[in-house]
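Paired with subunit B in one complex and with subunit C in the other, subunit A is shared by the two complexes that follow.
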Partner chain A sequence: MPSVSERLVTPGRAAGGVALVAFAAVALAYPSIAPNPYLLSVGIVVLNYAVLSTSWNFVGGFTGYISLGHGALAGLGAYGTGLLVTKGGLPSFGALVVAALLVAALAVPIGYAALRVRGASFVIVSIALVLVTLLVFQSWASFTGGSRGLNVPRPFPGMLRPEHHRVFFYLFLALLAVALLVWWLIDRSRFGLGLKAIREDEDKAEALGTPTFAYKLVVFVVSAFFTGLAGGLYALWFGDLDPIFQFSILTGSYMVLMALLGGVRNLFGPLVGALVVGVALEYFKVEFGNTPLHLVATGVLLALVVLFMPDGVLPALGSLLRRLDRTTDSSIREVTAAELAAQRIGGEQHAQSRNG
Partner chain B sequence: MRSLETVELTKAFGGNVVLDKTTVSFRHGKVNALIGPNGSGKTTFFNCVTGMIRPDSGRVLYGGADITRRAPHAIARAGIGRTFQLCRVFPRMTVLDNVLAAARPANLFRGARGRAEVDRARGWLTKLGIEHLAGAEARNLSWGQQKLLELAGVLMSEPETVLLDEPAGGVNPALLDRIGGLVRELNAEGRTFVIVEHNMDLVMSISDHIVVFDRGRPIAEGPPAAIRSDERVLGAYLGV
Partner chain C sequence: MPSGALLFQSVILGLLLGGLYALLAAGLTLYFGIMRVVMIAHSAFLILAAYLAWWSHTELGVDPLLSMVVTVPLFFAAGVLLQRLLLARLRPVTLTMMSVLLTFAIAVVIEGLLGYVFSGTQRRIQLGYGSASLELFGARIAVVKLIAFGLAAVALLSLYLVMKKTAFGWALRATIQHRDAARLVGIDTDRVAGFGFGLGLATAAIGGTALSLDTTIYPSLHWHWIGPLMAIIVVGGLGSVPGAAAAAMVLGLAQSLLQIELGTTWAQTVFYIALFLTLAVRPQGFFGGRLAQRF
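Let's look at the complex of A and B:
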């Protein structure tokens, strides 16, 4: 007999499954149904946000450490890829992988220093990372191109723009799928349980024998690797890098905003957040042009979510579904003697069938 | 023989000397109690022993090995488990996951809910009488249930020495009896206990050996009968 947790297909799970299939279907068909190349490129930008936010959630969601510095890791991935192509002469996608591995390697000393502090201190250290990298890449113009920017050659020369968008849309979608798969694998593993224990109470986890620092460092490196890949893929797609945009505090803030909005404890939280915020951002940009008003609108959106759905959109939807279905209402439910007996008999039968 | 002992352990917070060259050793395989007035350094002593606080000087020895500078998780893995004075559980995890999080997995990348581990975890929950709450979030439990859950987690990590910081704090008499009985039972299975506690009835009824702290130093030690009539102890507690 299956245990209580896996017994039912709950309304929440069913709705989640339907939503996931629907998202996958729409995403796969999107390049064919997008009315123009501009909207296709918006799709790519939103997917890029989804990958970045999911990558951020390896640290933010599992350990509860809020990094505003992940924009720097994305920027390093982007510049690493661009420089390896232009100066190193590597093939585009070889450069992408090498750059992401370099970002992951660099994340070891960065994490070693930053993960020693918690809470607000960690947030400030992570902001410092963005500022330092921005200064380095702006000032070291002979190598990085500085504020004049860095031109990254297209990986598919001769390909027309709509086709180029189409290919990159699927590349970002594939990267998103891999990032989600790895997050899911960690989520259900013993390693993931240790990480979540850190999020809940780090000292307590340590006292129970979890090497918390090593756990945090490993997951920070994994997060950096995916963030670097997202940044590098963006560089290959967009083809033009400027330090002021690549090493921006805004990038990291968007990742946090999207993950919080969707729900950091949920596999698909950052994706949902990216769909909402990403689409809203692009829409506000078209409506309000390049004024800071789109930032104000985004801020209002965040405030509303924090006020009314502090755990994010997905958990709010989940509890709404549970309220509609009164049978699984309470987390501590009364168990009748008959149910207990049934469980016991079921357990014995299970044990017998395993032994037999 | 793995016994827990400290040699001239010293810790001061600012000018406040909390542990003052504390040299003490606990009986292996016994139920030890650590008592003393508030502020006598009992919890700081636990924190220094388990690596949560770094002592200013002195040494902590476990089974003859110096564990003074080790990280808390390494000390836990050496076999010393602990509970906290203000009971600490993982609030937004289920009761079952709380206990599973204390398992020491050999392979980190396997599923967190392996059959052997889940069976062991449920075994501890059953032993502590909270198995029916396995699927509930820990933050929804009562204080007493959380204390039992914390203990289940510590036991899941298979410590050979268990430090309990005020296990009787805020629990009702029935639960108190259960905790006392449990300590004796687990001790009979070979676990060593060191218990910080203010409830003298509990201390006197379950302890084999009692150490009394005053101002960061042991002022007396011995079996319950001797401690009960010790004048220095009465002086420290009652100020006479």
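Let's look at the complex of A and C:
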């Protein structure tokens, strides 16, 4: 009988692989099967959430530092792209990349201030980032358009709306794939190992020679870059920016909620969370309109996840699968009483034959 | 260059504002000391108290200050329950991060419920003495601002006396300084921690009532308070009450003076600039002790 460790395809992995292939197939086919442009745009919004929370998970998942301010980074990416197109005259996708690079560059001083000390200060800075960017972008009306908003010209002027949605659906899907790939690569690298050591015990990691500050800063910048890209792509798709929505503390909390719900230690955790929460948010908007109750729903959901499921649904599903499948690894060897008796008798006979 | 009277008035207003900041930051510092919790919902409870004061004035017709008879014990109980039932359940390893999310969730729920019950309309208490003011060396100081400052000062002083002079205060400070040692000398630290949270939230009730006297309130106002308050506790050094009070005075004064040149919105950025500079230059804050080094 092959030992457990030699079995590369465990049921958990098989289920994960099947789910991934199924998701990819459905995602690729979605623009063709979506019955109307509205549902296609919902798909784009959900994908945007998936990219955002996967980007958030570079910091949250690897290092355990929880940022509530990634909404501001996305907003900066969006406004950066919009302003570079309208005021700088750059081509749309050139502006997108430049804006994301600028956000990444800005993340260096922010990270420098936020990451020198442990957790609590980091959260405080991340919230302050949202509040200060909202303040600046609302007040500096001559440059940003202020509360009147900013119109971003479409990258494909002649395109009809459904076709426009379709193109952006695939663009978001591609960005999601790249973000997931980079997360996966870091997860398997020495760098990722160091980051996870920070998450588990920062003092020990530092004592063992991990350059904790540099690692945290680098991964924060990577996270900011992807967040900026997602925000910028959203700006090009949606075409209309308002500081209230771009620099909302809620955007950041959605990212956290999605990643936590799915499971921050899993590659696909934020994606799963985004599918659940994103669809729920859109459904809520349709059913109940724009009442303050969506705040209550978000808050209650976040509190429930934090209190009862801080590891997320994917690990919970994984342990459920393991429990259903008795043959896989468990700390207690599962041997039937008959097998045990047979082993004992065999052993005793062996001993007797040696003694005799 | 602004005139001398205007400057003088700004200094007075800045100090009055700083007093309110100091009271609220003391509450935040208390939570942080007790459990290493950054309590995002503190300012949401502040706005809740302000709404209750406004409601009791418009619906029941009583003076908003009287609402404290109800709100202070109510908030104390809410603080005890919050600590005992919710925060104490979190895993100790990830407590700092998860408590932020939990209190954030509470803040969002409060904001949503306030918006649902009282709608998003801006509210303001119309008081008989609301427009009265004192003349002092050419500076006009509104009476309500003096009342608000007086409330904050009395509350801060009582907090100080409770912490320094009562057996409960000693137990609370012992719990903050060294929980295990406190337990060894027979202090029921869980109970004390719960009461400490109640005390912190009671300051929010007082602060909220003071705020309602001369401020227009709306459900999402708490975000405008939590930012400055968090900046204050970081600049003062996390966990240090005198540090928080000093930082509150300095930053309140700076905000008030900058308003002359820059206007209210841009003057607010002074908090965030101070926050970033403190963390970049002196992350333990300017008064913080051992505690702040690691957070």
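Throughout what follows, the second predicted complex is superposed on the first by the 310 of 356 C-alpha atoms of A that agree within 3 Å, B and C clash if a C-alpha of one lies under 4 Å from a C-alpha of the other, contacts with A are read in each partner's own complex, and residues count from 1 in each chain.
The criterion applied here is as follows: contacts are C-beta pairs under 8 Å (C-beta built on N, C-alpha and C of every residue); 3 or more make two chains touch, one makes a residue touch a chain.
Note that the structure is a prediction, hence the values are computed from the model and not measured.
Note on subunit A: of its two partners subunit C and subunit B, the one contacting more of its residues is C.
Of the two partner chains placed by the overlay, neither subunit B nor subunit C lies in contact with A:Met255.
After overlaying the two complexes on the shared chain, residue contacts for A:Lys204 are found with subunit B alone; subunit C is out of touch. In the superposition on chain A, A:Thr212 makes contact with subunit B only, not with subunit C.
After overlaying the two complexes on the shared chain, residue contacts for A:Leu131 are found with subunit C alone; subunit B is out of touch. Look at A:Leu193: by the touch rule set out above, it reaches subunit B but stays clear of subunit C. Looking at subunit A, you'll find no residue that touches subunit B in one structure and subunit C in the other.
Against subunit A, the residues of subunit C that register as touching in their complex are 32, 36, 38, 40, 86, 89-91, 94, 96-98, 100-102, 104-109, 111-116, 120, 219, 223-224, 226-227, 230-231, 234, 238, 265-266, 268-269, 271-272, 275-276, 279-280, 283-284, 293-295.
Those residues of subunit A that touch subunit B in the complex are listed here as 4-5, 185, 188-194, 196-197, 200-201, 203-213, 331-332, 335. For subunit A in complex with subunit C, the residues that touch the partner chain are 64-66, 68, 109-110, 112-114, 116-121, 123-125, 127-128, 131-132, 135-136, 138-139, 249-250, 253, 256, 260, 291-300, 302-303, 306-307, 310.
Residues 50, 52, 71-74, 76-77, 81-82, 84, 88-93, 97, 100-105, 107-113, 132-137, 140, 153-154, 157 of subunit B are the ones that touch subunit A when the two sit in their complex.
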